[in-house]
Structures are given as structure tokens and as C-alpha cells.
Amino acid sequence: MQINEKDKSNRPNENPVPSDENFTPLIVAFCCNWCSYAGADLAGSGRLSYPAEVKIIRVPCSCRVNPTFILRAFQKGADGVILAGCHPGDCHYSTGNYFTRRRMTLLFSMLDYMGIEKERTRVEWISAAEGAKFASTMNEFAEKINSLGKCRRLGDLRCV
Amino acid sequence: MTENLVPSVGVITDIRIDTPDVKTFRVVGRDGKKCFSHMPGQCAMLSIPGIGEAMFSITSSPTNNDFMEFSIKKCGCLTDWLHSAEAGQEILIRGPYGNFFPVESELKNKDLLFIAGGIGLAPLRSVINYCRDKRSDYGKIDIVYGSRSKDDLVDYGEIINEWMADGGIDVYLTIDREQEGWNGHVGFVPNYVKELGFNTDKTVLLCGPPIMIKFSLQGLIDMGFDKTQVYTTMELRMKCGVGKCGRCNIGSKYVCKDGPVFRCDELEALPDEY
Amino acid sequence: MYKIAYSEIYNLFDRIKDVITLFLPAKNDGAVSFSKYESGTRYEADALNTVRSAKDFFFPQTQNIAEFKISGKSIEILQNTEETGKFAVFGVRACDEKSFGILDRVFLSEPSDPYYNEKREKAVIITAACNYPEETCFCTAFGIDPSEPRGDVSTWVSEDFLYWKANTEKGEELTNKIADIFERCNDGEIISIKNNIKTAAEKLPFVSLNLDYWRNTGEKEIFASEKWESVYKGCLGCGTCTFVCPTCQCYDVRDFDSGKSVRKFRCWDSCMYSDFTKMAHGNPRKSQKERFRQRFMHKLKYFPENNGGIFSCVGCGRCLKSCPQSLNIIKVARSVAADD
Amino acid sequence: MRIESDIILGKVKRLVSDGKADRVFAWKKGNFCYDTEPSLFTDNYVGFTYDDFCAANLCKFMINESKKDGKTLVLIKPCDSKGLALLEKEHRINRERIYALGVPCAGKIDMDKIRENGVKGVIGIEEEKENVSCNGDENLIIKTLYGDKIIPKKSVLYDKCLSCTDKEHVGCDEVFMPELSEDTYDGKKFEGVKKIENMPSDERFSFWRSQLSKCIRCNACRNVCPVCSCVKCIFDNDNSGIASKANSDDFEENLYHIIRAFHVCGRCVDCGECSRVCPEKIPLHLLNRKYIKDIKELYGYEKEPALLTFTKSDAEPSVIYERGEKNV
Amino acid sequence: MNRIGVFVCHCGSNIAAAVDVKQVAEALGREQNVVFSAEYQYMCSENGQKLIKNAVKENALTGIVVCSCSPRMHEATFRKTASEAGINPYMVEIANIREQCSWVHKDITAATSKAIILGRAAIAKVRFNEPLTVGESGVTKRALVIGGGIAGIQTALDIADAGYKVDIVEKKPTIGGKMAQLDKTFPTLDCAACILTPKMVEAARHENIKLYTYSEVEEVKGYVGNFSVKIRKKARYVRENLCSGCGACALKCPSRNSGNEFNTGLDKRGAIYIPFAQAIPNIPVIDAEHCIKFRTGKCGLCQMNCAAQAIDFSQKDEIIEEKYGAIVAATGFDIINLDKFGEYGYKTYPDVVTSLEFERIMNAAGPTKGHLERPSDGRQPKTLVFVQCVGSRDTSGRGKEYCSKICCMYTAKHAMLTREKYPDTDVYVFYIDVRAPGKNFDEFYRRAAEQYGVHYIKGMVGKIYDDGNGNLMVRGSDIIANEQLTIKADMVILAAAAKPDDSARSLGTMLTASMDTNDFFTEAHPKLRPVESPTAGVFLSGFCQGPKDIPETVAQAGAAAVKVIGLLSKDRLKSNPCVARSDSLICSGCSNCEKVCPFGAITYADARVNDGTGMETRRVAVVNEAVCHGCGACAAACPSGAMDLMGFTSKQIFAEVDAVCR
């Protein structure tokens, strides 16, 4: 496309902008059913609060998460994506999270290489007993995304 | 017409179950009127945003001024969706597209022989009803229609109650295999046509699955018909409906624009692509 | 006819830019493409052809058509096409200019395509003669004269001057707005440039490309030729030739669900792609051979059949350069026509 | 010593007459001195060539060829041979129906690089007969419609040849005249990746944005890739949820190339075909090579593709946060 | 068309206090495909469930979304409700608006809008739910134990006692394994043979146990409950049904060149032999490699001397095919090869021996009849040096990184026994650490050091060499005294690292049971399922899972038996329907999915497919639904998207992501 070219100047500033008052980030958290989702439940039972911007999607194992799911979240306007699974060695399916670890390391490394702020992606190992860790991780992550502001480098302009 | 790719909104006002995998949808515009006028054999693009868009032949007769009907067989994303839709559903519609059976020229005053198989009756139904409504313009009408089973005969009710009741129309039904509760003819359409042995002065309108068209055409030629006497309609992947997107061609002809109705001698001059 | 010192060429561009949005060939990360001219943009005068052709201006890779909002059973249609402003394209070669005529036959035939038409009307085409045609050029085979490019304005370049000649009303209009930057001259000044180009063009390897076979043989016969079996083998089934081709015009109409609405757009498609004709219940063009054949049959037989013998090729040579596997229309045109 | 097309052809003919194969997949001389087309030779060898322009990797054609009865002889350059091995490992080819003849490679010439020298209207390319220095730095005489030009051969080799570290064939049935292969490695395999890694993230972003925005989604990179051999690519499958035909938004450019790189991650044989075939000259190999570098640094050498195996002591994803500059 | 019902639970005030449930129900009621929406006090209560059931019937619902507590709480409840209402239980999705919403977000506006979004995500997902049915398969009531050591014997006995048939496959001519070779056991010093042989006899006599000795597993097919195993019964050349076990053949055999495996090669045996006196079965075997008859065709002395006419030189290997419901791996251990440890001179000096060899030397039935004699000259050694951690805890890459666990204690045992029998012997032990964390273990070690006067030296041995006069010189370091020392030793005993038996790797491949880099079988969960392999129906017993001493082995053997019994007691196995599914139209057969599957649930088959371009035969992935656990690793590893996970399909997750981000 040339005349209809996605005019670069029309794209909102791609560099991080200081977050304004009204900015509420959208955070997608993929949690494995056996550890991290249960950890989130435990955070709930313990009434350990974290921002409501965090939306959890349950998957059987962190290894179910296809990179396209993460990119899809960014496409549709997520500002940060976090993937939480059992601690390495504790996977309910014994080896799932080892694959997750490699996949996500490499995927996030590529996003970083392409200039997409690496702080917008994260992998965390949270066991079913770590409700407090779940809450503190989400608080921390949300705070980081807040300071990064709207994700402008990976979203789809048609969706925002 | 310029806004050719932008459809208008239509409403499904009625859904009739014809066979286990065919339903007939009645569509009108939002204003309750017919969306546009057409000629028998022409098609329209129906779509549901996000699901898909496809070309369907308009099965109701142009003489029907109230609504359009589409008989749709379940065979893909969009058709699956439509089959699960309920009355009141809005859809997008654009058209009419393509050419039509020469009802006002070549076919006029001729004896007509309609041969259809399965869902192939859909495009012919429009012509049949058009001819019924302008009965005096046409000669004798014979209809040979067959399907896999009795349950797979589309528009069975209309055939029995209206067409067969009309004078001057002979309807011959057949099904592929014996079935309980069926006293009619059993056998494939091409063979049935041969058995019936029509005069060769008729003009034939033929539609059905490719294999049936092939054998019926051969049968007709064996009976002494000329290819110039036989019309058929084609169906291919269509996107634009206006001969520009470039995918529905058979040789140099675009089915959506130069077709879907072809005379068999024209078709024969084209590369044997389908 | 006007001329301007070649050293003043950027002043010319700046002038045009002030009057109308200007696009011209410029290098972007190693590939030359038509780019919007801003002060500082370097005109890539040496590049004979841009990687992609000028058809993009009228038939862009994606084109919004409409937008739909769905709630419950009802569908609402929203208009989402943007109006195009007037623009000029500088440096269009004779072949590309000729391709517009071919695309017009598709898009402007009834029913005329509104999106294409709008952009066509808004554009001022400023062509440039090809001083150094390349070995891949074979426009002359289609009766195109690289020394005599058409368009709304034609230009020629000598060592010292750029010559400017308006051919149409649109061209005149633009010329009048910037006429003060030029000096007048007469047509005779460019005769030697033209002759040089003609001499160079005569030496090109494919000037004598003979297409009589395609003109004189029936489509059914060519279609059934056994030659197709051997010519397509290297084809990857990619869309490179289609997308760089100035006359390829196949498109797809697709939906995109943004979550808020469904956007309907059309985008380039290629008959070389395996899913081009795929339907719910099968694909009539099953193998790459059939898809490959379709592309060349369309260019060399079907299109001429429907358009008074005009081939859907302008000899720009892009496919010769771009095909990853060195397949191209010349090889096909010759191999299928060959006697053996 | 030069690689002579005729000698290779002689060998091929001998193998076929010995019954090793029934047909030959090789290159055919085209319209121009530099154009060679992957071609199947069944009964004659008209146009057969193997020269400095035969850059195309033929191994992917074997997917279809090996479905046919009988055996196909295919010419395999050292860099292609890994692709063939991978196709075999992933069961995409029937190896028994292929006779892989390894042919030597002394680097292939990139016409675009010649054209970048301002050369137009090429009608012939010859190696300079005199002046062949002992270190093999040959010159090419480019004959054009507008005069001759002399260019050092090494300067116009494909980038993929300059970063080719391995001139040894793997898994071929036979390797012919391996001694003629020449080392063309410039010692800078990961330079390109490092250069980008060292940029600040804003710069990295604009680098890739501007490169990828050239993408026209012709799919040549995918279709030529010996690793991208899925019978149905997710990007072509309307049911996959991420199918797309054109880059309607920057996001789709990113998505396509990120996912493609990810899918070949750990499997990529670094043949460089993706960059060679890109009509827009996007350095796509820099994406794949980033993964090769990451894998090498994080996991070391492994028998299995990196994403299909693991060790319990693998690096945590946090390694990527610890390196480079921070955005917050 | 989807007809979805939404049910929002107040959970008393648990949800309703922080989420405006009315607003949620209203908002979700406006979503596409939602034809019914209601809120209620307690959805999980009888009345709540009745509400759901009625709504399903009255509105012809095809899908249900319950906005309530965590699916981990009540997903099963609502699935049952759906099932009772007549729709497929897997057409239910739960939006977790309690644990993950009302309990953690204080602000009602924020919590309510999040609850709506979570509800939307569940609605988006349920649109793509497919009815799933729980698969069932039968169970063959017979177990296979691979390995006839103490682990295998104990597992088999426990299973057999519970009334199920068990087969033991042992590759050696006799069962008994390593324990049969031991002299005494730590820390009680009771005689290994005395406690083992009764079990061997019991196993042989047990009506539910069938022994396949001198046999190996050749092929394993099938899956949990339905394994089909091919066992190669190697030719003994002795007809088991005729042999009386008199031993005359062995006595008469003129060949005396073969090392006696039972005595770790320290003495010789005939070509026809019974491994040891208490061998079970007590039937000799001909070692064809060394048999004169087999080598030259002449001899046959054994045949002539066999009164029972049991010798049969024409015997062939036999392949037995049997079906099993469960398989237990009990392949045991071996000691590592010491070729890479040149510094100890194991190969060079005959008086440098391994602990297992020492075990035989000390054993009354051993080569020296229990007298401590050194191999080189038969003299009684006066100075013994034990070296621990030979190849264990080794990070140099030559040995094993793990601790072999048993060496500290058996070395203490050896040292103690030596000192007890031969009080005039000097005994030194080089150790890195003494690890004695078992019942009475530390006491045992202290007894060796304190009461028996064994010299424990903390340090490593650097080199063992000959001083030129036929004396072994052991040079090592004493890191407590911080000095180098050299001991003139008559004999050196190396506590070589133990490793899984070599047969474990190939067995693991056959069973598709995952193994770690050391070839130990991986357990399904390191803490919670330590005796199960991730491959369903495969259980682990003994050392093959990790280093263990005898009581631990026996304990695990029992535990594995219980798991097997639990499995065999079922008539039908129900399988989770949320398993992977491969689309053969798209699958390229690349094997990526197979490689990441922890359960070996994926196999390949040639399928006839037609994707619209003609019929073709392709290699495609096939998921064994009975074996798949539904983790989804394959679905994410599949580049073409051919592999998907039911219940969590890509479409469903995309829909959820889209809904969450809308």
C-alpha cells in the first residue's frame, strides 16, 4: 500500500509515554489450572487484593499457551501479558512447564529484539500454596505496566 | 450500480426445513420490501459479518414481488451458521449477480424440459415458477427431478401441491434407492430421462451435481438433443460477484458475470477446467 | 514543452509538493518504492522500476469497504472508507503507465469499481522516459515505446535538463500551477534522447518476443498443452510475481473482527496461492500446475480474449527480477509455444 | 579450480544410467546468463546447469517429488543438505525415493548486489581469466548493454554465502568433488544480530518497523523455507484464528514474522533462503539467526530442536530482563 | 445457533457484597447468543440447580455459564446439573467471580465491571464448547513386573497376594537380582540371602505369579489397562519341564573359561551352569558362547550325563505375547564402568576391587569361601583402603552427578565386618561426606569409626600406584588435617557409583515412559506420585526410579503394588475427555507433538486424507485418548495448528482473550 499506506505519522506515538491519570492498563494472565490458578484462588480466600485490571484465563498447563495467544492479547489491546505456571519440577504433567520456560524465554527474547518493551511480558512460577506471591506478583506487574503506559508498539490500530 | 461490494441489510423472515441438510430462507429488506429485483437464474451474495460470504442462487421467482427465497444446503462455515439461525436474524445481501436463463428470448414459446438433481432444483425453481406465472408464454413443461431419497427432495410440498396440480406440467420424480413409503420411480436421473424418452424439440434446463450433469448431457445427446438446446448453471468460488476478483473463471469466462447460466455448446468451447 | 536544469530537480519536487501530494521512487531500507515526497527525500532516478508497481496507488494491497456492528440479531452498516486527496506520482515508467489502461478495463468496466475509480480520478501521472532500459525489459513486445511514455505529463532527462510535457487536461492544470519554475523549449530538443533510448531498446534480448502462438491458438488447445507439465516445476506457489506485477488484479474480500465491529476489506490475492479457489467442498485447481497455468493463461490468453487482443502484461520485467526461482512470463510464453 | 557444469552433468548421467535414479531435479539455464531455474529433467538434460548462480535450495521440492514412484536424483549444496536432513527427520520426504548428490559450492552470486554497483542491462558475466590471484579472489567481468564492468566476485556473493560456516554435506547419498567447495565465510555470522541487539530498544523497534512495513505478504519466505513444510500453514487456514492474507495493520506484519520465526525456532537450518527470495530485501534471516544465537547462548548444542526438549537447569525467562537496557 | 444461559451467583454476600450481581446478570443478558440470564442466592444449592435445570428446559439452552466461585470448587457440580438437565456436561463454563474477583477487589464498580468481563469471556468460550463424552476402556487383570530383584519380587508378591495375576520378566537365568549377591545388609548386618531366598521361593511357588527368567521384554504396545507385550524367552538349551536341577551337567562340563557373573567374575564357571545354589528356578543354562558343543560341534558331555534328558541343543528363543493391565518397571541398578577413572588403577591392579566384588569375597558362598584373600596372590591383606564416591557426586562429567546413597553405609558395613573378622587389619576410608540419614544409620557409622577403629579420612584419593615392589600406594588428601598422605595398602575397595541398569533406557523407550538424563525413570509427580510414571499404567519400583537401599526399595515396591492393585481392581477405566485431538487434514506428521508429550500418548499412523486436492496417504499424529492427560503441550508445539486440546481449544482461548480485551 502506498497511498493508503498506514501513515506512520498517524500511528500514535510508539514510544512509551508517561502514564496519565486516566490510564488503566489491561493485563491478561494465563494461569495453569493446577498451581497458579489455584494460587489465585488462594489469594482470593486470603482476601489478598490486586488490581482488577488483571484478567485471568485458565489453561490446563502453562505449556498449553501458544505464542499466538499472547500476541492476540496484545493485538486486541492488552498492555501486559503474564504467564504463570507451576514451579519447574512441580508440573502436574511433569514436564509441561519446562517447555513453557523455553518457549517463553525465546518468544519474549524475540519481542525484546524487535523493540517491544520486554517488561510487558513476564513468566512467573506460582504454586497452589503461594496465594501471597500471586497477589504480590500481580501488584508488581500491574505497577510496572502502569508506569510503561499504553502498549503502542504491538497493538492493532483497528482494535483500539 | 457502483457500490458493488457494500451490501445492504436484509432480514430473514421465515425459515423452512426442506430436507435434513437444506433449508429455505425467506429474505426481505429492513423496510419489509423485496431487496431488489432479479431474473430467473441470477444469484445474490449473502453474508454474515465475521462468518463468511457466499453466492447463492435466488430460488424464488422474479414474479414474486414480496420477498426472495434461497434454498441453502449445509456445507461450510456460513451455511452451517445460517442453518442454526432463527427467524428475525439480519443478514447482508448484495446482488443480483450474473446472467439468467433467457426466459424472455430463447426460451419463449418453447417446450421446456427441466432436469434437476438434489439441491440443483434451487436455481430451476425460480424459472419453473416464473414460467408457471407466465404460463401462456411457454409451451409444455416437463420436470424430471431426482434426489438420493424421498427426504432429500427439495420443495417436495410445493412440487406435490402446486406444480403437480397445475395443468400442462408433468413432473417426474425419482430417488436413487428403494425406500419405504415411496411408490414412485427409483433410479438415477440420467437413466430416468432416457427411459422417459422426450421429444428432441424441447429446450432443456439442467442443474445438479457435476456428475449428474455430465451423464444427463450425454444421455440427452444420445437421445438426439443438440448441445445448443441445453442450458445449465455453474457454481464456483466467488468473491466479488462482478468479474473482477479473478477466481471464478472457466477459461476466459467468469461464472459470476458471464454465467452462471451457460448453454452447453458455449461451455464446451471453454477449457475443461471443472 | 518545458525544461528545467537537472540540478534544479529538487526545487521542482518541492514546488509540486506545495501544489499537490507528490509520490516518487525512493529507496527505503534497500528497496525502491514510491514514497511520499518530503523535503529531503532522495529521488531514486537510477532505479528503472520500483519493487512494487504503481498499481498500488489505485488498487492498494488492502482497501476498507465497510464496517459492521452486530447486536443480537441485527446488523448495522458503517461507512469506513476514507476519501483520497488529489495526488501526483512522478517517475512512472511507460510500462506502468500502460498497465493502468489494462487495470481500467477490469475495474472501470460495468459495474465500475468506486474505490479504484476515485483514486484514478484523483491522480496526476507524471511519467519518465527510460534512458537505460534493462535486460529484463520487454515492453516493446507489447508495443510500448520507452522513449515515449504517456500519462498526464511526460518527462525526459538529459545530462543537463529535465524535459516536461503535459499530455492531458490534468497534466496541463498541474503544469500551469508550477509553470514559472520551467523554461519553455521545443520538442526538437529531446529527439536525440528518444533516439538513444530507441537504440538501446532495440538491443534488448526480448524485443522480438513472438506472441503469435498465443494470439492464434484457441484457449482450449493452449490449456490442454502438455508443456505446462514441465514449465511450472520450480514454482513455489508464492505471490511474488502477482504482487509486483502491475497488471495482476485478483483480490480477496475478507472480514476482520476487531472485537468492536467487523471490518470488511479487500486485499490482494494471488491465483498462485493454493487456497485461491478453495471452496467448502473441494478445490477445482488442485495442483500448482493448474494454478500456475491459470496465471499465464489469464495474462496471455483469457484477458486478450475478452479485451480485443490486449495482453495483460506490459513487459516491465519485475517478475523476471523478483521470482525467487527465476520462473517468468517469457519462459512460459516461449516454452508453451515451442514446437518441440 | 572451477566447478564445471559439464563434469557435474557427466556424473549425474552416470548415476542415472547406473540406475541410481529415474529423474533429476537440478537447475536449468534460463533467459539470462545469471538466471537458473529449479527444474525436473526426465528424459533429456537440455539446459542443465550448475554454476555460480544456482543459489536456490532444491530440497523442499523433494516433498512432492518423493511422493512419486521411482527415485529422484537431487543436487544438494552443503547448505541445502541440512534442510534435506530435517525434512527426513520430520518425515516430510520419503528419503528412500531420493538420491541426494552433494555438489560442491564456492559461493553463489547475488545479482542484486551486482546491480547495486550501478550495473544495468547485463548481457553476460564471465570470470576474469587473467589476474586470478592465488588466494582465489577472482574478478567478474560484467558485460552490459552500456559497457563492461569489473567487480570482485567476493563482493557480490549472497549474504547467506558470506555467513556460511559449513561447507560439509550431511546425509547425502554421495558427495561429488567436495574438494571444490570454497570457504566463503566472512567470519561475521552473528554480527548482524549483535548490531541490532546493541541498539536501544526504540531503535530496534524502528528498525524492524521500517523493515517489516515493506512486507507484501507474498509468502515467498515461507514457501521457500525447507523448515516451513506444513501441509497447511496456519496463516492460510481460516480456522486457525490467525489467518491473514495481507498485512492490513502493522500488527499483522509483526505477527506473521514473529510466528514464522518462532515456528522454525530451533529447527531453522540457516540456509538463508528467506532473505534471498524476499522481493523487498527484508533481512529475515536476522530473525531466525537471533533464535540460533539465543539457543546457542542459552542452551548450547542439542540434538533435538530447542523447543522440543529441555533440561531441568534451563535458564529462566528472566534472563532477558536482566540483559540490555530497561524501559522502566 | 448457540442458546446460552447465564447464572450469576450471589454466594450469600461473598460475591454480592463486592459485585453488583444484578448489573452483571443484566449486562451479560445482552450478550450475543445469551437467551437467559438470572442471579440467585446460592447457585450450587438444590434450588439454584433447579433454577438452572428449568432454564435449560424452558429456553432450550445449549450452553451454560455460571458466574460463581472457582471452577475448582463447583465445576463438577454444575456439569452434573447440566447433565441432569439433558445437555452435555462439557457445555458448562464457569466465570470465577468470587476468588478472582469479589474477594480481591474492594471497589464495587471495578469488581462489577471485571465480573462482567469474566462473564463475557466465559460466554465467548462456551460458544465454542463441544459436547464431549467420557471415554471408557477395559482393564486386563494381569500385571507385568520387569525385573526380578527384590523390588520386582516384592511388588509381584504384593499384587499376587491381592489376588491378581502377575508375571515377572527377569533377563538373568535366576531371579534375586543384586541383593542375592550381597553378603550382609546394613545396618542390621543380617544375612542378605537368608532374608531374600524365602521371598524368591515364595514368588516361584505363588499360584498367581509366573516367572519368565532368562527373558527380556521386546515390544510394548497399547496403553493403560490394555498393554500388549512381547517377551523374548531366550533359549536355555535345557528343557525346564524335564530338568530336576540335580546339577550333574554343570559338574561334568569341561569348559571352565567363563567368568562367573554371580561372583563378579572373580572365579570361573562351566558353560552350563546354575548361577548359584539358591537360584530360582533351579535350572541350569548353557552359555552358548563358551560351550564347546556350540563352538565345535563336539562334546555334549552334559547331555550324556543328564538322566532327565533335559538338555536340548536345538532350543530356540521363544516369543511370548501376553496382555497386561499394568506394568511395573523394577530394572534395578548396576555399578558404573570405571574405565574413565584411571587414577584408581582399577583395571591395572587386581587388588583394586569394587565394593560388589568385595561383597563376594566376604561371602561364604563366594570365590574365597568367605576368607579375606586378595585377588592377586590370595594373601590376606593387612591394610585395606576404602574409597567412597568413586564416580558419585561427580561434576567432572566422568561419573554421575547424583549421590548413589548406599555407598556410605555399605562401606561402613565392609569396614566393620573386616575389622570384626580380622582385627589385625588396618582399615582406612576416604570419604567426602558420610551421609547417614536413615534409621540407625548414623549409629552404625559411628560404631564403625568409634568401636571398630576404622580410620575415616575426609578427603579424596588422587592416585593409586605401584611403588615398584608390588605394593599399592594410595595417595590422598586429608582435608581435616590439611595434609597429603600416602598409604601403603594391600587392597583397595572402590565404592563405585550405582547407575540404573543398562536395560532401563530401551525399556523406557518401549514404555514411552519418560526418563531423566541419568536414565532414572521419571515419576509422575516428584512428591505426590512418586511410584507412578507419567505414562499411565506404568509404575516404578526400586532403584530404577532413583538410588535406594533395601528397605526403601521394598517400601516402594509395596507402594507400586498398591497402585497396580488399585488399577486392576477397576473393571472400566474412565478417561478425561479434555484430551488432545489431531486434525488429520492438516497434520504434517512432523513429530513435534510426539516429542513434547510427557505421556507417550501420541503415535503415528498412515491415514488416507483428502483435503480437497485429491486422496493421499499421509503420516499423521494419532492421540491415544486413554493415555492423554490433556496438558496441551502438543497443541502449542504444533506449528500447523493440527493439534488442539478439547475443552481448551485454540478457538476457545482466542475467544476468551478477545472477550477479555474487548
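As written, the chain order gives the labels A, B, C, D and E, with residue 1 at the start of each chain.
In this section, a residue touches a chain if its C-beta (ideal position, glycine included) is under 8 Å from a C-beta of that chain, and two chains touch if they have at least 3 such contacts.
Everything quoted here is computed from the prediction, not taken from an experiment.
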| item | value |
| --- | --- |
| Co-neighbours of chain D and chain A - touch as defined | C, E |
| Distance-maximising chain from chain A - centres being C-alpha averages | B |
| Mean-CA-position distance for chain E and chain D (Å) | 44 |
| Inter-chain centre distance, chain B versus chain D - centres from mean C-alpha coordinates, in Å | 52 |
| Gap in Å, rounded to a whole number, between the CA centres of chain E and chain A | 36 |
| Two or more partner chains touched - positions in chain A | 67-68, 72, 76-77, 89, 95, 99, 103, 156, 158-159 |
| Chain D: positions in contact with at least two other chains | 234, 241, 248, 307, 311-312 |
| Of all residues in chain E, the ones touching two or more other chains | 596, 637, 650, 654, 658, 661-662 |
| Of chain E, residues touching chain A in the complex | 70-72, 96, 98-101, 103-107, 110-111, 113-114, 117-118, 121, 514, 522-527, 534, 578, 596, 598-599, 629-633, 635-637, 645, 647-648, 650, 653-654, 656-658, 660-662 |
| Residue numbers on chain A that touch chain E, as the complex places them | 26, 28, 33, 37-38, 40-45, 47-52, 55-61, 63-69, 72-73, 76-78, 89-90, 92-96, 99, 103, 135, 159 |
| Parts of chain E lying in touch with chain B, wherever the complex brings them together | 1-2 |
| Of chain B, residues touching chain C in the complex | 1-9, 48-53, 75-77, 79, 86, 88-92, 236-237, 239-240, 242-249, 251-252, 269-274 |
| Contact set on chain E toward chain D in their complex | 516-517, 585-592, 595-596, 604, 611, 616, 618-619, 637, 639-642, 650-651, 654 |
